[in-house]
Amino acid sequence: MIVVMKHGATARQIANVIARIEQLGFRTHLSEGVERTIIGIIGNERPLDKEQIVRWDGVEKIVPILHPFKLASRDFQPEDTVVSLNGIRIGGKAVVVMAGPCAVESRQQLLEIAQAVKAAGATILRGGAFKPRTSPYSFQGLGLEGLEILAEARAQTGLLVVTEVVSPDQVPLVGTYADILQIGARNMQNYALLQAVGKAHKPVLLKRGMMSTIEELLMSAEYILSQGNERLMLCERGIRTFETYTRNTLDINAVPLLKQLTHLPVIVDPSHGTGKWELVTAVSRAAVAAGADGLLIEVHNHPEQALSDGAQSLKPERFAELMTELRRVAEAVGRTL
Amino acid sequence: MIVVMKHGATARQIANVIARIEQLGFRTHLSEGVERTIIGIIGNERPLDKEQIVRWDGVEKIVPILHPFKLASRDFQPEDTVVSLNGIRIGGKAVVVMAGPCAVESRQQLLEIAQAVKAAGATILRGGAFKPRTSPYSFQGLGLEGLEILAEARAQTGLLVVTEVVSPDQVPLVGTYADILQIGARNMQNYALLQAVGKAHKPVLLKRGMMSTIEELLMSAEYILSQGNERLMLCERGIRTFETYTRNTLDINAVPLLKQLTHLPVIVDPSHGTGKWELVTAVSRAAVAAGADGLLIEVHNHPEQALSDGAQSLKPERFAELMTELRRVAEAVGRTL
Amino acid sequence: MIVVMKHGATARQIANVIARIEQLGFRTHLSEGVERTIIGIIGNERPLDKEQIVRWDGVEKIVPILHPFKLASRDFQPEDTVVSLNGIRIGGKAVVVMAGPCAVESRQQLLEIAQAVKAAGATILRGGAFKPRTSPYSFQGLGLEGLEILAEARAQTGLLVVTEVVSPDQVPLVGTYADILQIGARNMQNYALLQAVGKAHKPVLLKRGMMSTIEELLMSAEYILSQGNERLMLCERGIRTFETYTRNTLDINAVPLLKQLTHLPVIVDPSHGTGKWELVTAVSRAAVAAGADGLLIEVHNHPEQALSDGAQSLKPERFAELMTELRRVAEAVGRTL
Amino acid sequence: MIVVMKHGATARQIANVIARIEQLGFRTHLSEGVERTIIGIIGNERPLDKEQIVRWDGVEKIVPILHPFKLASRDFQPEDTVVSLNGIRIGGKAVVVMAGPCAVESRQQLLEIAQAVKAAGATILRGGAFKPRTSPYSFQGLGLEGLEILAEARAQTGLLVVTEVVSPDQVPLVGTYADILQIGARNMQNYALLQAVGKAHKPVLLKRGMMSTIEELLMSAEYILSQGNERLMLCERGIRTFETYTRNTLDINAVPLLKQLTHLPVIVDPSHGTGKWELVTAVSRAAVAAGADGLLIEVHNHPEQALSDGAQSLKPERFAELMTELRRVAEAVGRTL
């Protein structure tokens, strides 16, 4: 961490800053420049509160040097994390496809879709039982009944199940039915929830908030990792920008950037990332070409009647075509599907 | 709601769309233009799912006509909501000032600050006992002990207490100590929590998410109102933009805009809205000049040692000066303080 | 265009709006809903000024129905535009790669890079002679000398040349040397310049502004097309968002979206789109997988001495590897390179 | 400037970086931390290209310490710049109001509005003769005729004239008619134009780009100042965010922040900053309360027929009321109007 002193800071102010930092147990390094004096703080700066130090007399600003995340970083763990469950390896050579409806709407709907995505090559079934919706007047999910239907689909198809958990007290219940616990974008900074899944014995899929930076995503990952749960995947699902033709702007840069910064597997959700089914195929191909370890894709047998996300859901036939295209792209970049 | 058909949609597609809408119990209104045919849907469009309809054959896009919120709107309730508690009226002629530290750190800290803000003219004390923090390595609040210290400060000073609640199961506990339940920006779309405070018998201060539109803020208000809790205040606290010199960009437009769209009181938080104490005074004056019904301001007796938000906290003396300045501005716009 | 009347608009206000629209030569279509009355305007709405109409008595808002661009739209021209020059077809089956340094710095630098990108398979050489720079203290380009060096590189290598033009009076000069005139992101809404290149007899590469929507990009294209110049390509080069780990956020959604909305070729600039050379390869592959017709890539033989954009420039060897990878991805999506 | 070396950088890499910096004529300062080694560069870092240095072997990132602007900074000139012309002092105690239509549409229109704003207390008349418009099909301004009408209005009323200049070759012409040259938001980074007005002998009003940071605004100011023109004012006019209920988000924080960073006067444009006339009054009051030195307000006698910006223009009567309100707010913050 670097403390930049104000233009014209006095010798006394500089001495005081040094003394206070050393009292906190850090060594310091003074460098007097032409326009500014700066003081380097040597050691693990993460526990220091830069908002305090910036208020010390004569201080202009504080510049962190280290990434604030640690367990999630490549510095800490250089080799890739591979999340293994039931023979599926997420973060390995094969690109993993998770597909299914936004919400579980009925037994028939889910079983039909599950069969279809299985036939096309998906290995994990997605589907929401508890749905966070912008409007209190929208369908809020089937709850427990939805979880039971998911379990039935798993039994029938052999697909694993990923589903969202929305409050800490639900973690045990959802964990009974799900293979992977999903933290939705709106809950990326719901720390009570992050701590709860950090203590669970289930893999977690953590979605990036729609207006969260990569650093904040990694800090939320740090909450989960620091509770001891290392079976964690990150998911880029589009961020909010000024563009209005698409629901979100999928941040394709995030894929290689995350692969560089962290050892955790990176999943991409092109359905939320675009909000338009017509764009999902092209953006899915792009995600695999960019190095994604997996995709999370919304598929619905009747999007024109879907209770949520109809506009961005692929029909099963289109999804099957997409899988064929993805296989070719995966091979072109040295992966399999 | 308007259904815009694609350029070249067939007569059969148009007839089908009309038939399906009428099956749903709505009247329709057909208008054949030169480049596009459009179909108006007559009635309360709110329960309709535009994501479904956009998937019907021949449909290009859907244009909502009505605001999606209802209970929160001026259409529904033209006169201002005034939240009264213990003789304080929020949303009336007087501008209400809520002040105090970001977090309760100790008994001595809080009592000292409470006395100071009371002396300067604040009527409500703010202070967090449960703190959502970006980093798992930061101070997370004193919890129950913090609530007890807040209650003691109230008993000593007569100030009312506003404090944050971060999970649904905490609502009863926090409600025992707080006069106003605060929903923080990161939880604006934590719907389980919104429903819980919607059922509580306490006034609620709902902060706008840093990534949320005005419409989404009002939809979150709708969650609370639709559960029966009408003692609700909204709080503009700055949004995330590309600007990096400030922590957030305070959306001053939101103040008169919210006063136009909704009957609910509008509070402004210039501390989070700027992130820099040097800007808080000017922006507080601006908020009152723009028509805010109240302010939420962070005050700390020792910002250089504060366990959170030191950079944006005013010292008590500066806060007292601000109150003097605010009184003049309030009078200039026909309010009192 | 739809005129939405205010809740409670009077019969007289409605009649007045209808009369005024009809005076302007449009037919209208009245639809009285439960909460709002709306008036459809039938005809080519593009010349209408919605900012005027929204001020008419009783009007709440105006909703456009048609895209504001016309010549650039697929409605107007369903088949793809292919820009042909010197045997190179941009917008056809082959993906075209334009590569070279950000700025022409010297004769030796440019010739060396030109040879290298030619050898790796690029067909068009990029290089700036006039450089718009954020700081007045940065290198501003070699000007005319830079253009002459570009022409020499073309003569030596057979590569075509794309270079930026920054003011209307320079168009004839730059046009003498360049094969393709580039409009930079900062000038996307420099309308005097757009009109000047619209009258030129040279193909144009129009870069999306870092702050511009897809619709605004297409409106700027419309400026050029409406002057008669149809040899136009669009370029996605990243937009500004709140994310700070990358220089810009490359909008990968824009690729398939533009292919759907417009007939113009779509080029992607992964160098500016990421700002980091380590990300350029992955994002280039993604762009081709998403359907881009071409790439614009910064290559420098000595990035550690480059006078601009060193951080995002590939070295020639890395560029050659990228070309190999791109060839495989192009084939996987049915294209060639 | 601080060079942060990669985790695990070798002694040789560190020595090389130091040697190269010293070759450039700077002293260095080495600080070996636990996780990272950093090298401080001592001296005026502004001419250094951080994009080069980040490519040197073993370098992770570069952290600038100094603001990149100099002439515009308070460090360089601590006392306020006051732009005086014809007895009006912009940047002094009095808040200056510039008002008038978006575009000059006709002699009668402009003269009528000029009389009205003069009567209400404005001292400067705004009005565009050359209009940059998003659509090529929109009204583009009267050009020279518009300038002549502005001059006539000045002669009749004694108001000074501010009007936009959109290309470098127009600067002499516009300068003949205008008292203040306006650089519009879309041209904030049109450097050819900035250099041209930097050489002109007229005061300049530089508007912030709709997606430009404060730092970029100050860098554009630096272009003008470095050409020798010191009679410069900055204008906050709203930035582009994700919010869609307003045209832009007026950045009220920018007012006190700019007053802190720079000595230049700060003007606020609440018309573009909101895009809605109903919000202009409240936001104008806020701007004055926040410390703005002036306002730029759109006034039109017939907004319902205005050829541009009708939705955000005040009618003369409303403007007169606003002036009365502003006077009270100005006095409350120790200013006059």
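Each chain gets a letter, A, B, C and D, in the order it is written, and its residues are counted from 1.
In this text, a residue touches a chain if its C-beta (ideal position, glycine included) is under 8 Å from a C-beta of that chain, and two chains touch if they have at least 3 such contacts.
A quick note: this is a predicted structure, and the numbers were derived from the prediction, not measured.
Undergrad: Which chain's centre, taken as the mean of its Cα atoms, is farthest from the centre of chain D?
TA: Centroid comparison gives A as the farthest chain from chain D.
Undergrad: Look at the interfaces C-D and A-D and say which one is made up of more C-beta pairs in contact.
TA: Answer to which pair has more contacts is C-D.
Undergrad: Roughly how far is chain A from chain D, going centre to centre by Cα mean, in whole Å?
TA: The answer is 38 Å.
Undergrad: Where the centres are mean C-alpha positions, what is the separation of chain C from chain D, in Å?
TA: Measuring from centre to centre gives 26 Å for this pair.
Undergrad: Would you pick out the residues of chain B that each touch at least 2 other chains?
TA: 211, 240-242, 244 - these are the residues of chain B that touch more than one other chain.
Undergrad: Contact residues on chain A for chain D in the complex?
TA: Within the complex, chain A touches chain D at residues 2, 4, 7, 29, 31-36, 38, 40, 42-44, 63, 65-66, 75, 211, 240-242, 244.
Undergrad: Write out the stretch or stretches of chain C touching chain D in their complex.
TA: These residues of chain C touch chain D: 46-47, 49-56, 68, 132-138, 140, 166-169, 186-187, 189-193, 210-211, 216, 219, 222-223, 226, 240, 277, 303-312.
Undergrad: In the complex formed with chain D, which residues of chain B make contact?
TA: So the residues of chain B touching chain D come out as 211, 213-215, 239, 241-246, 249-257, 260-261, 273-274, 276, 278-279, 281-283, 285-291, 325, 328-329, 331-333.
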